[in-house]
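For reference, chains read A, B, C and D in written order, and residue numbers begin at 1 within each chain.
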Amino acid sequence: MTRRVRMAVLGPALLGLGALFAWAIAGLPAFGDYRGPYGYVLNRIVVPLRHTTNVVMATTFDVRGVDTMGEEFILYAAVIGVTLLLRDESGARRVERKTRRLRSDAVRLVGVGMVGGGLLVGLWLVAFGYITPGGGFPGGVVLAGAILVLYLVGSHRDYRPFRNEHALDPFEGIGAGGYVVTGLAALASGLPFLANLFGKGTTGTLLSGGSIGILNAAAGLAVAFAMLLLFAEFLETYVIPLEPEDAAS
Amino acid sequence: MSYLPYAVAAWLCLVGLAGVATSRNLIHLAVCLTVTQSSSYVLLLTVGYVKHGRAPIFKGIKLGTPAVDPVVQALTLTDIVVSVVVVALILALALDAHRLSGTVDPDGLADVKG
Amino acid sequence: MSWIPPLLVAIPLVAAAVTAGLDHITPRPVQDAIVIASSAATAALSFVLLWEVYSHEAVHWFGGWQPRHGVALGIDFAVGPLAAGMCAVIGLVVTLALLYSLTFLPEAARLYDALMLVALGAMCGFAMSGDLFNLFVWLELMGVAAYALTGFQVERLGPVQGAVNFAITNSLGGYLFAVGIALLYARTGALNLAQIGTTLSHGPAGGLVIVAMTLLLCGFLVKGAVVPFHLWAADAYAVAPAPVCAVLGGVMTDIGLIGVARLYWTIFAVPFGHGHAVGDVLLWLGIVTAVLAGTMAFLQRHLKRMLAYSVVCHIGIMLAGIGLLGSSGLAGAELMFLAHALLTAGLFFVGGILHSDHGLIDELHLRGRARGCWVPALAWFAGTIGLVGTPYVGIYLGHGLIDESATELGRPWVPALLWLGSALAGAALFRAGARIFLGWGDEEDELLGKAIEEDPLERHVLRPLLVAVAVAAVVLGIAMSVVPGLGQRAEYAAERFRDTSGYAARVLHAKAMSPPTSLPVTIRHTSLESILYGVSATILALGLGVVGLYRRRLPRIVAVAAERTIAPPIRVLHALHSGVVGDYVTWVAVGTAVTGGVWALLLHG
Amino acid sequence: MIVAGTLVPLQVVAFALVALGAPLVVLTRDPLRQALVNGVYGVSLVLLFVVLAAPDPALSMLVVSGIAYPLVILAAVARVRGERRRSKKTSDD
C-alpha cells in the first residue's frame, strides 16, 4: 500500500475502533464507582493474613505472585534478546573502544553524590517496598541507574567492570531463578507453588510478610542487573561509533 | 462527565495506533507503541478507582478505610515492565536495521515480501 | 492438589536462568545436558499429567490462595486433558528442536537455549492458566522470547525486518488484549476465567462485553496469525533459524487458538452461546485464512516462507473447527494440532538440512540438487501427505472430525472449502519436494517472484542427528491419525473443555467430576465423505503440484486464459503482503474494527 | 505522605494533560525531540497515577520515564546519528 492508501484505510478503521470503544465505555460503571469484589476482598484480608501494609505489593508478590514471576522472566528474556541482537558477530566492527574521559572534578563530585543518593534511594525502595510504596521494580531500576552514573563519572576507559556480562549474568540468573526456586521450595514442602513459607512477622516492619520479602529482594536483584545489562548494552552501541581519531580530538 | 476518564484511555489507544501505523522512524514507532500501551494502564487504574478512596497502603490507616483497588495497580506494574521491555527490543532491532541498511524507516526495510 | 502443573513452568524457567547465568562457567556438554534434560522432563511430566487429569481436573492455586465463596483470590492453573495434551506436544517439539540445534546453532548457544526454554515455560503456562491477566503475562513472555529468537541472526536485514514486523504486530495484539482485560475487569471485578464467566451469566451482556470479546479474541488471533492479522507470520518464519521456525510455526502460532477456545468456552459461551454469531465469524475467518494462505503457499519459492503459509493455512482449518462450536469440531482442531505441530516441525527440520547441505533454501535454485538424499526426501514427502490429510495419515483424523461437525450443523460446504485450503498448501509442498529431490519441473517460474538471499551455514553439523530428529518428528506426526483410541479421547477432552458450568464448578468450588466412561481403544472411524474428500484433496494436491512444475508446457490457450483470470488477483495478493509494518498495523486495526462491527450487528438485541 | 485522590479538579487536570500529551508525543517526528516530549508525557502519567491514589505504579512510571526510556532512546538516537555522521564523512573523503 502506498502511504496515501494506508491512511485512507486506517482512518475508517480507527473511527470504527473508536465507535466500539465508545460503545464499551457506555457500559462501564461511572468513574470512581468500582464495584469489586476482587480488590475489596484483598484490601480486607491481606493485611491480617500477611501483616504487610502495602496491599499492592502483597498482591504483586504473594496473591498474584506468578504474574510477577512471569514478569521477571519477561525482563530476563528481553535482556538476553537485546544481548543477542546487539552482539557483534562479524568482529569487523570491533574498533578499539575509547571514550572521552571526564575531566571536570565538579561534575565528578556531583556524579558521586548522585551515585550515593541513587544507591540509597534504590535500596530503600527495594527494602521497604512491601510496607510503603516502592518495591523491587522501581528500586531495581534506580539501583541500575545509580551504578551506571558511577561508570559515567568514573574515569573508566572501558566498560570492563560490568560490560563483561559474564560477571553479571549469574546475578541476574540468581534473581530470576531465585524467584522460581522460592516457589519450588514451597512445593517441595508439600504446599502449593509460591506458598508463603515463613512467619508473617509484625505488621508494618521489614520482617512482615514471610516470603514476600524474599521474592521482593529477588525481584530487586533481577531487575537491577537486568536493567544494568540493558543500559550497558545500549550504551556500548553508543560508544562504539567513536572512531579512534574521533575520540582523540 | 463521569465517562470522560475512560474516553481519555480510548483516545490514547487510537492516537498511539495512528502513530505506529504512520511512523517513518522505528525509534519514533517504539515510543508510539508505549503511548498505545499507556492506554491499557490508564484504563486499568481508572476502572479500579474508588471515589475518595485512599491508596491501598494501610500504614497508619485503619483497616477498612475506603481504598482503591490494589489489583489493577499490581497489573499496571507488570504492564509497565512489559512496555519497557518491548521498547528495548524494538530499539535494539532498529539499531540492527540501521547498521545493515542505513535506515530506520520501517517502509524502507521491506527486504522480503509477497 | 496436583503438583505437576507449576513444574511444567518452573522447570524450564529455572533451567533458563541456570544456563544463561552459568554462561562461560560450566562446560558446554553440561549446559547442553541441563537444557535437553529440562525440556525432556517437561515433556515427560506433561504426559504424566495427561494421564492424571483424565479422571479429574488438576487445579493448582498458586500460593494456596483458594477461592472463598466463589470469589477467586489468586491465580490458578486448571488443567484438563486438552491442555495437558497441548503441553505434551509443546514439550516434545521444543525438545526435538533443542536436539536439532545442538550442532545447528553453535554460536550464542547458551543465550539461544535460554530463550527456547523461556518460550517453552511460557507456552505451557499459557495452555494451563485459568486467569485472564496471567494469560497476558505468558503471552508477552513467549512473545519477547520469540522476537529475539527470530531476529538473532543479525548479519542480514531479512531477520531484522521479520523480527520488527513480528514484534510490533504481536505487541499491538497484546495491548488490545490488555484493554479487553481492563474492560471485563471493570464489568465483573474478577480476573479468574471461571468467575468472569459466572458473573456474566447473570443479566444481559451488552456492548461492553461484545467489545471486550472483540479485543481479547483479536489479540489472540494476531498471535494465531489468522487473516487479516497473519501478515507478520511469513516474514518472521522465513528468516528464523529452522529449529526456531519449528517451535514458532509448529506450536506457538497454535497457542493463539487455544486461547480463543479457552476464552470462548469459559467466558463468552454463556452470554453469547444461544446463537451462532461468535462461532460463525470465527468459522469464516478460518475458511478465508485456509484458502488464502493455501494460495499464498503455492506462490512461494522460499521453503520456509512456503511452510509459514502452510502453517497459517492449517491454523485456518483449526480455527474453523473451533468456530463450529461443537465437541467434534474442537476435538478435530485438537487432533489436527497434534499432527500439524509435529509434521510442520519435521518439514522445517528438513528445510534446515537442505540449508546446511547446500547453503540455500530456494526451491528453484535447489532444483535437482538433493537427488539421492533419500531419507530427507522421504521425510519431506511423507510430511506433505500428512499435512494434506490423505485418509488416515497425519492431520486426517482431525480434519475428518471437523467435517463431521460441519455436516451435523448442516453446512456441507465447509469441509469442501477447508480441504481446498489444505490441498493448495500440500500442492506447494509437493511441488517443492519434486523439484528439489527429484529434479522435476522447469528451472524458472516468474510466478514465484524473486529469490530471497540466504546466508550459507558455515558450520559442521552432525547431519545424522538432524536427519534423525526430522524423521522422528514426521513419523510421530504421521502416526497421529492411527493411534488407537486417540480420536475418542480427544472428543472426550473436547466435551470436558466445552463444559462451561462444569469448569466453573471444578475451579471455583472444587467440585469433583463424575468419572468418565471407559472409551474404546480402536482407531476412530470417519465418515465416507471425509475419506472421499481426503482422497480428492490428495489428488488435487498432486495435480496442482504437477501443474506448478510444468506450468510452461500447458497448452497456449489454457495459459493465456489462466494469465487473464488468475494473474490479477495474485498480483493483489502479493501487493497486500507488502512486508511493511505500517500496513500490517493498519490491517490489525481494520480486522479488529470489522470483527467487532460484525459481532455488534449480530449479537446486539 | 500518600496523596489520597479526593481532589476532583486535580484529576481533571491530570486526565487533560495526558490526553493532550499523547498526540504531541506521536506528532513529534524527530526522535530526539520526541524523547523529550515523551518524558513530559511520562510525568503527566505519573501525576495521573498519583491523583488516582496509585503511588506504586506512579513510582514505577517515574523511574521508567525518568531513567529507563531516556537512556535507551537517547542511546539509540545517538548511535543512529553517529553512524550517519560517519558515513557522510566517508562519502565526503
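The definition used in the following text is that a residue touches a chain if its C-beta (ideal position, glycine included) is under 8 Å from a C-beta of that chain, and two chains touch if they have at least 3 such contacts.
On a predicted model such as this, the values are computed, not experimentally measured, just so you know.
**Q** Comparing the two chain pairs, does A-B have more C-beta contacts than A-C, or is it the other way round?
**A** More contacting C-beta pairs are found at A-C.
**Q** How many Å are there between the centre of chain C and the centre of chain D, using C-alpha atoms for each centre?
**A** Measuring from centre to centre gives 37 Å for this pair.
**Q** When the centre of a chain is set as the mean of its C-alpha atoms, what distance in Å lies between chain A and chain C?
**A** 31
**Q** If you average the Cα atoms of chain A and of chain B to get two centres, how far apart are those centres in Å?
**A** About 15 Å separates the centre of chain A from that of chain B.
**Q** Averaged over CA atoms, how far is the centre of chain B from the centre of chain C? Could you give it in whole Å?
**A** Here chain B and chain C have centroids separated by 28 Å.
**Q** Mind pulling the chain C residues that touch 2 or more other chains?
**A** 133, 137, 140, 144, 147-148, 151, 154-155, 163, 183, 185-186, 191, 578, 580, 582, 586, 589
**Q** If I count partner chains per residue in chain A, which residues reach a count of at least 2?
**A** 3, 6, 10, 14, 17, 21, 26, 28-29, 34, 36, 38-39, 42, 54, 56, 64, 67, 70-71, 74, 78, 81-82, 85-86, 132-133, 135, 137, 230, 234, 237
**Q** Can you tell me which residues of chain D touch two or more of the remaining chains?
**A** In chain D, 2, 54-56, 60, 64, 68, 72, 76, 79, 83 touch at least two other chains.
**Q** Judged by the touch rule stated earlier, which pairs of chains are there in contact?
**A** Pairs flagged as touching, ordered by label: A-B, A-C, A-D, B-C, B-D.
**Q** Name, in rising order, each residue of chain B that touches chain C in their complex.
**A** 9, 13, 17, 20-23, 26, 29, 33, 36-37, 39-40, 43-44, 47-48, 71-72, 75, 78-79, 82, 85-86, 89-90, 93-94, 96-97, 100-101, 106-107, 109-114
**Q** In the complex, go through chain A and note every residue touching chain D.
**A** Residues of chain A touching chain D: 54, 56-57, 125, 132-135, 137-138, 141-142, 144-145, 148, 227, 230-231, 234-235, 237-238, 240-243.
**Q** Which residues, counting only chain D, touch chain B once they are in their complex?
**A** Of all residues in chain D, those touching chain B are 2-6, 11, 15, 18-19, 22-23, 25-29, 31, 34-35, 38, 41, 45, 48-49, 52-57, 60-61, 64, 68-69, 72-73, 76-77, 79-80, 83, 87.
**Q** Given the complex with chain A, which residues does chain D contribute to the contact?
**A** 1-2, 54-56, 58-60, 62-64, 67-68, 71-72, 75-76, 78-79, 82-83, 86
**Q** For a test of understanding, state which residues of chain A touch chain C in their complex under the given definition.
**A** 1, 3, 6, 9-10, 12-17, 20-21, 23-24, 26-29, 34-39, 41-42, 45, 62-67, 69-71, 73-74, 76-78, 80-87, 89-90, 166, 169-170, 172-174, 176-177, 180-181, 183-184, 186-187, 191-196
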